[in-house]
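Two complexes are shown next, each including chain A; its partner changes from chain B in the first to chain C in the second.
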Partner chain A sequence: MNASSSRVDAQSGARLSSGLSMRQKQVLWAWSFLAVPVLFYAVVRFYPTLEAFWIATTNWNLLTKPSFIGLANFKRLMADPVFWQVFRNTALYLLLGTPISLLLAFTIAYHLDRVRFLHGFIRALYFLPFLTTAAAMAWVWRWFYQPVPIGLFNNLLAGLGIAQQPFLRSTTQSLPAVLAPAIWAGLGFQVVIFMAGLRAIPTTYYEAARIDGVSNGTILRRITLPLLKPTIVFLVVFSSIGFLRIFDQVYNMTSQTSSDPGGPLNATKPLVLMIYQTAFSSFDMGYAAAQTVVLFLVLLAVSLLQLRLLRDR
Partner chain B sequence: MAAIELQGLVKRYGKTQVVHGIDLTIEDGEFVVFVGPSGCGKSTTLRMIAGLEEIDGGTISIGGRAVNRLEPKERNIAMVFQNYAIYPHMSVAENIGFGLYTAKLDKAEKRRRVEETGRILGLEALLERKPSALSGGQRQRVAIGRAMVRDPAAFLFDEPLSNLDAQLRAQMRLEIKRLHQRLGRTIVFVTHDQVEAMTLADRIVVMRDGRILQVGAPMELYEKPADVFTARFIGSPTMNILPARATTAAGATTLALGEQPLALPTAMGTVPADLLVGVRPQQLRVLANGEASDLVLSGKAAVIEPLGSETFVHVEHGGGLILASAPAKAPPAVGEIVRLGAPASALTLFDAASERAL
Partner chain C sequence: MRGFRGMLLGLMVSVGAVAGAKAQTVEIEYWQYVFDARVKAMNELIKRFEAANPTIKVKQTTFPYADYQTKIAAAMPAGQGPDVVQLFYGWLDNFVGAKFIQPLPRDAFPPAAIEKDFYPIVSAMKRDGEYYALPTAVRSLALFYNKKLFQEAGLDPNTPPKTVDELLDMAKKTTKRDGAGNMLSAGITLDFPGQDYHWWRETLLRQNGGAPYSDDNKTVTYNSEAGAKSLNWYADLQRVHKVGQVGFMDEGQAAFRAGRAAMTIDGSFRLGAFGGIKAFEWGVAELPASADGKKANFASYWVNAITTKPTGEKLEAAKKFLAFVTTPEAMQLWLETVGELPARKEAAETEKNLNHPVYGPFLKALGYSHATVFVDEMAQRQVSLDMINRVLLQNQDAKAALAEAAKAEQPILDRFYKK
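Up next, the complex of A and B:
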């Protein structure tokens, strides 16, 4: 009985698989492989994301049950001067960080591409910061910025007879001072990607241009940069997202024993840090979720805008 | 005046020498083809003429002026590359006009020249298109257009037809030849395809292992190859090379090859005992029953290849296959024993030791 039923099963199984067309079988296989990551992302990524949209409309503080308060969190955010300061900071990180880092990375890659001597070693040097823990780097840079006789930069300035700079203790200098190590850390990655892009341009393009007698500047402007556009689009979007989400450097370089990081006077505080503090210092989950939604929308808008601008032209 | 003169030209990559002291004079307006197997140094030589490779020895002069140390742009040459090297982000007109980028001409004149070039090459309707919307042959024409528009003293072509299919290659060959007749500029053309070399060249330069083996007009190379390599390389299908022994008795030299001894002309003087005899398949014919010839070989027909105008027959002989021709409409059957014959005048003799022609 048992044996015969299993034989029937095997027969029907054979009939089932032979009854499917080639195309149907391929689709079945594809979905069985896709199922695991799709499930994982649905549970671990998409569900919490949607949940965050919901929490943004509640006043949840971890202790009481969340109750729906409509758009009150967003209204509060619009009226919060700290939010606008943070918004401005985040925009500055993006607007300074992306162009400066890309310009530096391209300049280095462009010249490193022509160097044969110690090429691999120099490239490794540039890549090294990318491998290092952001927190450790931030603390080294923090030391650089200290006053004399401890800080490296102020010692150099003093040696040249230039006045001491407050760096991290100034409301105007602290943001660029925090941005510098963030740019430096991402540089190696960008240099490597730029070099890969440069290598992908056939050398005959340059040889043809040399025979035509075109100057190096023109070759760069008319040939190299246009052909490098896919690489540039990728790096602009990638690094913009990075600077919009800046956190580690700020958190580790501006934390004081007395006050929360992001200072002085919120001068360096980015959106992610504000979200972190609202959620895990003030336990104001609803308000933090609303800030997260804003960050999400900003990231989405900036990425889409850049993709459009850089692709169409 | 744009004669190109190479004297003792040497190129090394590290310790490996790839071009061994080449001497060659290319006359003004001449179409010279460098031909040879890959790695023979033909492309390297061309790139040294262009100024894309440093010269490690000897001199190159173009139009009587030594150019060893001149930048490519100062040599007044144009080059067409194997992969065309046309810029994908520029239109056809911009690509052609890029050759004029540094020229001191006003915009209207540049535009006129680009249009003129487009007209000559039949690209008028395509001037505003991007290269991605062009066929292989059209892209090749754009590359030629970019070279032409500057009106250079000489054109250098680096295997420009290798990326095209056979039919298009034949068509572009014709176009390049007509262009040469029309413009009358010096052309140096590199290829590994002996058909291109034969059909295009005023003179062919056969190269191997960084040395020139022979320089000559196509028919000269075909009829009087200097060595076994050139003999086999030039002409299609490849020449048959058969080992033979020569014996001298009473002042007359005879060749022991095939069914009957073959008397060599006394003018040849003394020849080495071990020879290689070359005979082209077109001249080694399948003999009719009872037909006589100077050289007669026989063997079993192994493979028949009809080509329409004639039929080639691979015949088993002396442990290998030799290629002979048969009338198109009356080929032998596979497995049939056939007799092959060639006149003495069709034979090329080589010294078996040095492989040089006698």
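Up next, the complex of A and C:
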């Protein structure tokens, strides 16, 4: 290296950068900053996602090399009664969970919006469950549901002279019993978002409506709800995805050191839990990947459908 | 150029020196999962082994139970992994199939000697005449009973039930309920996902003259008269006699520990947990025999095997280490530290051990125990759970429940043995 050659380098460098337009330079800068997260996502998110599609067509137990078996995993899935039960459960979590939680959250937000006394405190109380670890909460609720003498609910029932309920030990009551804390946990977040949405509606609309003597019901239907649409769309999509991939509550409430996650008789098992068990208990990776692909397609379909239905006309 | 060549030469010499030094001490790696008492016992064994074999160093690596299989599966193909590995006996076929472990060298572990010295349950480690792994310790089931509750019910606290009929009778006497009929204390815990599913499959079923699987293990055979009889007997504990209730106090062992169950069936591995009970005295008894005196029990164990990784010196070192951890001395240490039973008859059946009030009943069971050969323990367990749930929650007839379970479990076996 000598002085003259470095001068040449500097000149050619200057020529190179001056050859780019302002816009090209901006793009270059943007991409050089984006490179790290893009690379990160490509390696830890997108590549494994694509890989899952490939694994879904193989028979692989982690120990031996994957062998290609075409669509056999999907055929097995279609013929697996557990899969359909699990599919039904997942749909129930979604179809019960989303409307109930949104309705509750809206009702609470709508009324809380009018409360001035201790407003912040009450709002904090509603938000509190959202801050709690799902596993801790699930365990507390699991104990609530126990039979006499340790279960809170059954002790209350027994105290009132009503027969004990099996709750988690029933094929019909267990799914709602698991869903309840899941709804309760997400409620605070939804209430806060709804309240933000309500606050964002200009008060002038309400004032005008009152001057015209419009009833509260009409205000709600004609002003509040239509203007809340973006909030509702966001919450519907967000909570639907949440309920479609419910796991923590189910796993913690139905399993123990050596038990029956998603039971009894698969009555509470969601798709994600089935995937987990197939992959990490039975080490049947190909079959688990096939289930993952199905979950991916379901999530995609539900999200697209909701965005389309709730889109502004 | 000359400088480079000199450097290369120097490098080669130093590599040679390192290799030479290595030849004097061989390091082998041992893997097991994290369980405090086991890790402690193994550390002590390694210390003793290294003292006896100063040229061999053993490095112990442990992983959480949940990740254990995955780690082995990831490390072995990459040529890393352990030289000697601990695995659950039910995983053997997968490990052999994946060529992770090699048959035990016949010079150090002659099959005839293994068969003579170890309990017959280790035959589950034999494939095509070759043994692939050996246990240090084994576990069996026994009946734990709460002496205080026995006394309160007017029973002799030193006479646990000897037959299933006596068990039922004593369970009836020790069950406590409130005025509305809600259970306050169980006569016997019903915890199928705990150990009861082993109790039903390997004890109750066999006592009624049945067998869970065919001798080659490829066919489900519990769908039989004996199956229905034993399943009904078990389910009647809740359905008819109401001496236990699935889910009472969440888990069987929790109910027992809280002093709210007079009896529970559990494994020797529970001794540590029950050892902390202060509120009452408890005893251990052999699993009750059938009315005609037939005994059966379930044994399970973890084994140590040599992986396909070590060759030459390392293989020799691995052989020595495996031989050491399966000596009577190592087994006695394991019993005292972990509470698991010696796998060699000679080490197990000492006067002291057999008369031990806690270990004795477990040890006596080893002579008549069966080790179920699982191909997918979790999936097979799920089939049994679903079966008992259909009977207890949905009032399905025992015969229909067994038929449905057999229909679900047979494909699991077929898928495995087809490979």
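Everything that follows uses one rule, which is that the second predicted complex is superposed on the first by the 306 of 313 C-alpha atoms of A that agree within 3 Å, B and C clash if a C-alpha of one lies under 4 Å from a C-alpha of the other, contacts with A are read in each partner's own complex, and residues count from 1 in each chain.
By definition in this document, contacts are C-beta pairs under 8 Å (C-beta built on N, C-alpha and C of every residue); 3 or more make two chains touch, one makes a residue touch a chain.
From a predicted model like this one, the values you see are computed outputs, not experimental measurements.
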### Task
Superpose on chain A as described above, then tell me if chain B and chain C fit or clash.
fit
### Query
So, A:T107: does it touch chain B (first), chain C (second), both, or neither?
neither
### Task
Kindly classify A:P264 by the partners it touches after superposition: chain B alone (first), chain C alone (second), both, or neither?
second
### Query
Counting only touches as set out at the top, which of chain B and chain C does A:T132 meet: first, second, both, neither?
neither
### Query
Looking at the overlay, what does A:A158 touch: chain B (first), chain C (second), both, or neither?
second
#### Entry: Comparing the two partners chain B and chain C, which touches a greater set of residues in chain A
C
### Query
Touching A:G213 in the superposition: chain B (first), chain C (second), both, neither?
first
### Task
Return first, second, both or neither, reflecting whether A:W143 touches chain B, chain C, both chains, or no partner chain.
second
### Task
Taking the superposition as given, tell me the minimum C-alpha spacing from chain B to chain C, whole angstrom.
53
### Task
Quick one: which bits of chain C touch chain A in the complex? Just the residue numbers, please.
66, 69-70, 73-74, 94-95, 97-98, 100, 178, 180, 182-184, 193-194, 245-251, 260, 376, 378-379, 382, 385-386, 389-390, 393-394
### Query
Which bits of chain A are touching chain C when the two form their complex?
61-64, 142-143, 146-150, 154, 158, 161, 164, 166, 168-171, 256-260, 263-266, 277, 280-283
### Query
Along chain A, where are the residues that touch chain B in the complex?
202, 204-205, 207-215, 218, 222-223, 226-227, 229
## Note on the structure
chain A partner, complex, touching residues on chain B are 50-52, 71-74, 77-79, 81-83, 85, 87-89, 98-99, 101-102, 146, 150
